[in-house]
Every structure is written in C-alpha cells, then in structure tokens.
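Below are structures written as structure tokens.
Each of the next two complexes has chain A plus one other chain: chain B in the first, chain C in the second.
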Partner chain A sequence: MSLAAQVFYLGRRSVIRILRQPANWIFPLVFPLALMAVNTGGLHAATNLPGFPSDSFVAFFLAFPFIQGALFATVNAGVDLARDIQTGFLNRLALTPMRSGALLAGHLGGVLAVGALQALWYLTVGLVIGVRFESGAAGALVVFLLAVLIVFAFGSFGALAALRTGSTEAVHSLFPLFFVFLFISSMNLPRNLIETEWFRVAASLNPVSYLIEAIRSLVIEGWNAEALALGFGIAIALAIVGLTLSSLALRGRMART
Partner chain B sequence: MDRAIEVRGLVREFKGGIKAVAGIDLDVAPGEIYGFLGPNGAGKSTTVHMLTTLLPPTAGTARVGGFDIVKQGPEVRKTIGAALQEAALDPLLTGREHLRLQLALHGIPRSERPARTDELLERVGLRLAADRKIGGYSGGMKRRLDLALALAHRPRILFLDEPTTGLDVQSRSALWDEVVRLKREDGVTVFLTTQYLEEADVLADRVGIIDHGRLVAEGTPAALKSEIGRPTIEALPADGTDDGTLEQVLRRFGALQPSTAGVAVRLDGQGDLADVVRALDAADVRVADLHLHAPTLDDVFLAKTGRSLEGSEEAEAEPE
Partner chain C sequence: MRSILSVAGAVAWRMLHNNFSTPSLLIPGLVFPLFFFTAFAGGLSRVNDVPGFQFPVGYTAFQFVFVLLQSAAFAGVFTGFGIVRDFESGFIRRLMLAAPDRRGIVLGYLFGALGRWIVTATVLTIVAVAVGMQIGGNGVDLFALYALAVLVNFCGLLWASGVAMRLRTLQAGPIMQLPVFLCLFFAPVFVPVALLAHWLRVIAHLNPVTLLLETGRSLIAGDATHVAAAFATAVALVGVFSVWALRGLRKAEAAGG
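== the complex of A and B ==
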C-alpha cells in the first residue's frame, strides 16, 4: 500500500475521532468567538487611541480566533495521539506494514482538516458580522491558508508533546503554557501602543505576535509584505522544527525493528 | 521451514541493568500451540514484544516464520498476527471500522475488504455488534475483536499475550475454542502467554515455564507433570494440633514440600492416602483438612522454582 493511501486511512480515522468527540470541535468553534465578543465589547475604546490602526476593533481582533482555534486543535491532536500510545493502539499500528511517517502525516492530516473547518467558520462569522477584508477575497484566501499552516505547525508541537511524554495529562498541561504565549502577544493592542515596556518586549519576542499580525494585516491593512513574510516565515519555521522533532520522537517511540 | 519460532539466547535488559529476559532458548514447531507460562512480571510480555519486533533484543537471536526479528522486521510483521496484553482498541471507532482500517493497512485489496470484514466478525461472534462503538463493548467482546484484528491478514503465526486475563468463564471458553479451531482448521502456529495453569494445560501442545526471565522447564503438560511423578498430600492441622507432630508423621511418607496453609509431602511410594490417614490416627494427630493433589503445572513450577505460580508476582521492568 502506498504511503499516500496509508496517510489517507489514518487521516480519515483522525477526522472520525475528532468528529465523534463534540468537545473537540464545538469548543474551538465557539469559545474563541465568544472571547472575541467579550474582548471587543470591553476594548472597543482602544480604537480611539492615537495611532490605532483600525476603526473597528472586531476587524482588529479577528486574528485572535484563528490562533486560539489552532491552540485548541494542537492540544486535542496531542491528546488523541497520547491516548493511542497509552492504550497500545500505536503498537497495533506498528504491527502492520504502516510506515511510521504515515502515522504522523495521517494524524496531522486529521488536524489539518479540522483546522480548515475552523478557519472557514471564523472567516464566515467575520464576514457575517461585517468585517471587510482590506486585501479583498484573495486576502481572505491567504488568511485561510495561513491559518491552516499555523494549525499544522502548532499541531506538530502537540504531536511532539504526545510522543515525548505518552501522557494525555502531560499534553493537557501544555494548554495553559500555550495560552501564555497567546496573551503575551499583540493580540489586544498593536505592539507600538503597548506602554508597559516588559510586555512590549515580550510581545516582540513572541512569535505568536507575528502570526497574529500577518492575519491582521490582511484584514485591516491590505497587502503588507513584511507582515506576511514574517507570519508565513515563522509558521513555516515552526512547522519544520515541530515536524522534525516529532519525527525523531516517533522514531524513538516506535522502536520496532 | 521446520521451526515456526526459533529463539537462541534472547536477552532484554532495561535501564538500570534489569534483565526482564535473561537468555531464553526455545523452538516452536509449525502448527503447534506453545504455552508460555509464568507469573506476572516473569518476562512473558517482554519476550512477546521482542518476537513481534516491537522491542529490539539486547542480545541473542530469534527467527519467526524463518525471518530474523532484528534484520527482517517487516517480513516478520507480515507473517504474524498479535493480540497483545491490553486489547488496544479505539473506543471511538466501531468494530467494523477497526477491521477495515486493519485490512487497509495490511494492504488487502479494497474489493476484498467488506467480505473479509464480515467473515472475521462472524468468526468471532461480533456480527450484531459490528457497528457499535468499542466504548460499549464488554471485556470479552473487546478480546474477540482483538483476535479478529490479529487474524485480519491471515497470519501463519499468532501471538496471544494473556488473551483471557480478566475474562469471565464463558468468554474464556469461547476464546479457547477459537484458538483450537485456528490450529486444527487453519494450521496456525500459536504462541500463547498465560498465567493460568488451566489454560496452558487445556490448550498447549507444549509448555515453557518462565521465571525471572529464564525458561525453567519445557515440555508437553503431561511430560512435565510426570517429571514431578507422585502426588502430594497436604494436611491442615486442626485447632490445638502441633504442626511439628503432624510434620513428623507425614515425613514418613515422603519429602516435605512448601505449603502455604499446613504441611505437605510428595509421596515417595512408601504409602498411599489410606496409610497416611491410619498413621495420623495412630499418632492421635487431628487434622482439619486433608488433600491428595495429582501433579499439576503449578507443582511443576513449584518444583522448579520453590514457589507456587498462583499468587506469585515479580517486579519486572515493563517494555518501554
């Protein structure tokens, strides 16, 4: 059986698993948008700050759900893989002619499918509530692609955590850590308007800021080459690092001869 | 191929120098059911993990289906089926979905999968539960599905790692029937680990007894039991009876054996149960209970290790 076919069957299983755990797709679809509604209500006045890049805080904040949704997908993906290790299902798969790369690819394929669904949902909700993309329809497509790439990159770190620890609890415990990265970023304000110095420095060092800013630029600015290069560059770099490390971890985990 | 499984000096050492398997030699003939008997932690599962290519050995060699387990892992995996200690199933998938995934990953052509799935479900009696999620299956149903998955690609050699642990009598009996049928009708070689004496006795053509990672006895159940020879008499002293006096009387009939509750001797031919009763009566020794044990595999284990298999448990490093 070809590698592509193996990836397909394992990816399909991953999607079925996610769909059969409503908490794994309802929360990522609802919670980020609910948090966006709360933040938009409370921080709307920020648009009056001199130099704030948009008149609409909703448009400014729309990048947030994409990143938070990716975090949900990451943790859920990691937990599912860790459960396979804990239950011995990974051993069952290891006893088939399946190539180990297919396991990771299939697993991330399922995560990507759900990530794509999430991204479409956030885009649709954004458009329905009146957000207009300054970069047009092509920009919305690029937002979609970048969001899926971010889900893939984050998902590879979720898989890494699962493969390194083999523990669903350990993967769950990563969620607060990921959340810290999200909150110490430019999600609420542009970095140049953050007055607290340590926060501004931390946000500037935090790669999540650049992922948010890349999506945000397409919504409120139009085509900003620098923001897009940074966003795509960081997402691709994270994906490469995460995938490499998780492949190595998988090799150790599946020590079959 | 004159041997389905051939093991020479197999060793697995874990971190900290713990030897879970400390040098095993064994052969299993094609079509044979080989019972690998030992207490928890004796090294049974570690051996199975090595023979199924899931764990590289630290030393020694083994060939399964004629293929080297280290150098020819993929060929070994094509030849074998395995149901490991825990029924490793996905609670969110149905029985049918499990089988379809397994068949697909084994490269069974798409056109053959539906029929093969139905055949396997029928074989293990899960046709009616095929489209239910595994989360709702009983322990016995999970074990039967596990067996069906192991048989999906028609393996010549089957590894069953404690397949009946935790099952009720009915489920255990159904699984035994299936194992016997596999050997009889399909000529499948079965390597079966168990901690149940009865299971090894009923199913296995030959038994290997493992203790502390070493094979301490091997042979047919009948041969192993005949090695022990004569039966054992075990007496439980009545209240107020002196153990010493009881032991003194019983010693006249054979060598003392370990006993958890009273005094036991293996009869040496100097007398039988009636003689023992008469001697106890003559010595005015009162007993609460008196048992005559025909030799069992537990006696074999006891004779070889000085411990009883039942209730025996060792600390073993688990396969990592």
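== the complex of A and C ==
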C-alpha cells in the first residue's frame, strides 16, 4: 500500500472516530460560540473605551472561537492518539508494513479535517450574526486558511503530548495549559488597552495574542501586513517545531514498541 | 441525628483526605479560581473606565466577588466528580451497606465540599488582598459575603450530588458542570447589569445568580443592598437542591448503589 493510501486510511479512521463521539464535535462547535455570546454580551460596552478599534465587539471577538476550537480539536485528537497507544493499537500497527510517518500524517490529517469544518462553521455563524469582514471575501478565505494552519500547529503539539506520554490523562491535562495561553492574551481587549502592565507584557510575549490579532485584523481592519506576517509566521513556526518534536517522539515510541 | 453525623463525619474526612493528599485533585481547585481572577481582574481592569461603570472599590474587587462565588459553586461540582468516582469504584455500594442513615452520605459530601472550598477561598482572598484589592465593607459585610458563598457552595454540591447519584458515571461530568457554568456566565460577570447587551440583560434579570452577585458586590463595596432577598433566594435554592440530592440518593439506593 502506498504512503498516500496509508495516510488516507489513517486520516479517515481519525475523522470517523471523532464523528462517532458526539461530545468530541458538538462541544467544540457550540462551546466557543456560547462563550463568545457571553463575552460579547458582557463586554460590548468596552467598545466605548477611547481607542477601541471597532464599533462591534462581536467582530472584535470573532477570532476567539477559531483559537478555542483549535484547542478542542487538538486535545480531542491527542486523546484519541493516546488511547491508541494505551489500548495497544499502535503496537499492532507497528507489526504491519505501515510507515511511521503515515501515522502522524494520518492523525494530523484527521485533526485538519475537523479543524476545517469548525472554521467553516465559525465563519458561517459570524456572517449570519452580521459580522462584515473589512478585508472582504478574500479576507474570509485567508481567515479560514490561517485557522486551519493554527489547528495543524496545535494538533502537532497534541500529537507530541500523546506520543511522549502515551496517556489520555496527560493529554487532557494539556487543555488547562492551552487555556492559560488563551486567556493571558489580547483576546478580550487590544494590548494597548490592557491597563495592568504585567498582563500587557505577558500578552505581548504570548504567541496566541498574535494568532488572534492576525485573524482579528482581517475582520475589523482590512489587510494589515504586519499582523498577518506575525500570525502566519508564528503558526508556521509552531507547526515546524511541533511536527519535528512529534516525529522524534514517534520514532522513540515505535522503537519502544 | 448522631448516626447521620457519624456517617457525614467519616465521608467528609475521607473526601478531604483524598482531596488534600492527591495533587491532581487539589491543584486544579486552587489554580483555576486564581487563574480566572488574574485573567479577569488583570486583563480587563480598563473596563473600569467604560462610561457608566461605577464601582467604588475598583475592578479587582468587582471581579473578586464573581470568582469567589464561582469557586464556591465549582468546589461543589468538583466534589460531585468525587461522588461519581466513588460509585464507579464501588465504594458507595459498600458505604450504603454500612451507613445506619444514608442521608449522612450526602451531608458528608456537603461538608467535604465546604472544607475544600474554604481552602480555595482563603488562598484567593490572600492573593486578592496581596495585589491591592480595596474593601469597602466592614466585618459584618464580609461575613455576609462569605456566608452567601457558602450557600452557593452547598447549591453546587447538592446539584452535582443529585446528578451523580442518578447517573453514577463519570460521563455525567458535563451535565454537572455545564448548567452551573451557564448560570454563572449568564450573569453580569464583566460589567454591571445596566451595561450588558439587551439580550443578556433580559437573561441576567431572570437568573438568580445575578441577585447573589450584585449583593456580594454591594457587600464588598460597603453599600449592602438586597441582602435579605439574596439570602432568601440562596436558602430557597439550597432547599430545592437538597430535595434533588436526597431523591437522587433514593434512586441510587433503588438501583443498588
């Protein structure tokens, strides 16, 4: 069987497994939007702050579900991979002629497919509730591409956690860590309006801020080359680091098995 | 009565021992409220400048009250997870055989949840004061604030206990958490009710958590309002959820633990 076919079958298995567990796809579709509703309802008055970059808090906050959805996809897929290790599926797979790279590619392919569906859903909901992209239809397409790239980058770290630990609990414990990165960022207010200095410094050092700001710029500003370069650059860098480390972890895992 | 208390004492001691001797149970309970406090009070302090926002003792105190009530509710909910674990391990089945009065089991978990929250509330208060939170209320006001939070803690535990005793599986986790989460966040979390978006304001007015939250905030500001109504509401909720939990206990008994 060719490498492409191996990747296809493992990717398909990954997607089907997620679809068969409704909690794994309903929650990521609903929860980020529920949180967006609560935050926009509660913080819409913040648009009255001098210097706030948009009249609409919904438009400002639309980047949030893309990032939180990526976290959900990452953790769910990572947990599935860890379960494969715990149940011995990976051991059995190691006895077949399958190439180890196909496992990682198939796993990440599944994460990407789910991430793409989520991104489409968030975009659709955003448009339905009246958000207009300052960058136009092309901007919405770029948001979609960036969201998928972010899912890929985060997914590679989820795979790394699963391959390094082989424990579903350990992958689950990643979620709070990701959550910290999400909350200590510019998700609620632009960095220049964050009053508490240490928080502003932490948000400026946090790569998640730049991922959010890249998506946000396309929604509320138009084409901001600096924000896009930072967003895409960080997402690509995270993907390269995550992919390299998870490939090494996979090699070690296969050697152990 | 003595038989109830002896069972309750044993269950509470076991619950607290497990909680304080297992870092994976203890740390999230302590860290999450601190994290929310940091993210909300630190990241959103500029909301204090939104036109129409008036809270005399500052945004840190405004958020402290929310996080205090949230930590109280979730200490109850997380204790509910412990109840489910006891069902899955078969411990409750043995406990039911041994307990002379099984209502003591629910009471024991109630004491356990309270003990767990007291530690969290102490750490949260110390951190809040250390970062310069202003307090306008006197000792009586603060006592009333913490008493209100204790009642919220009881509500959280009794709700989760009722769910745990009916479903007796860890898969019930989202059913325990989600309604509590929604009740807490469909309240004036970030700004006073008057500054909420219209749709959220309507929901917040129907949500009893709003009354508890606003009273709590008035107590810390030293300008107590609606205290009797808030306590009456909280006591009524405890009564309703007590019936829910005890009926759950009867269902668990009928199912053979």
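One rule holds for everything that comes next: the second predicted complex is superposed on the first by the 255 of 257 C-alpha atoms of A that agree within 3 Å, B and C clash if a C-alpha of one lies under 4 Å from a C-alpha of the other, contacts with A are read in each partner's own complex, and residues count from 1 in each chain.
We adopt the following convention: a residue touches a chain if its C-beta (ideal position, glycine included) is under 8 Å from a C-beta of that chain, and two chains touch if they have at least 3 such contacts.
Note that the structure is a prediction, hence the values are computed from the model and not measured.
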Combined model on chain A where chain B meets chain C, clash or fit: fit
Following superposition on chain A: angle at chain A, chain B versus chain C, Cα, nearest 10°: 90
Chain B versus chain C as contact partner of A:A203, first or second or both or neither: second
First (chain B), second (chain C), both or neither touched by A:P176: second
Which superposed partner A:N91 touches (first chain B, second chain C, both, neither): first
First, second, both or neither for A:Y9, with chain B first and chain C second: first
Chain B versus chain C as contact partner of A:G130, first or second or both or neither: neither
First (chain B), second (chain C), both or neither touched by A:E195: second
First (chain B), second (chain C), both or neither touched by A:A45: second
Three-chain overlay, closest Cα atoms of chain B and chain C, distance in Å: 16
Intersection of the chain A residues that touch chain B with those that touch chain C: none
Touch list for chain A against partner chain B, complex: 1, 5-6, 9-10, 13, 16-17, 20-21, 84, 87-98, 255-257
Chain B residues within the chain A interface of the complex: 52-56, 69-71, 73-74, 76-78, 80, 82, 84-86, 88-90, 92-93, 97, 101-102, 104-107, 133, 149
Touching residues on chain A, where the partner in the complex is chain C: 23, 27, 34-35, 37-46, 48-49, 176, 179-180, 183-184, 188-189, 193-196, 198-199, 203
In the complex with chain A, residue positions of chain C that touch it: 28, 31-32, 35-36, 38-39, 42-53, 174, 182, 185-186, 188-191, 195-197, 199-200
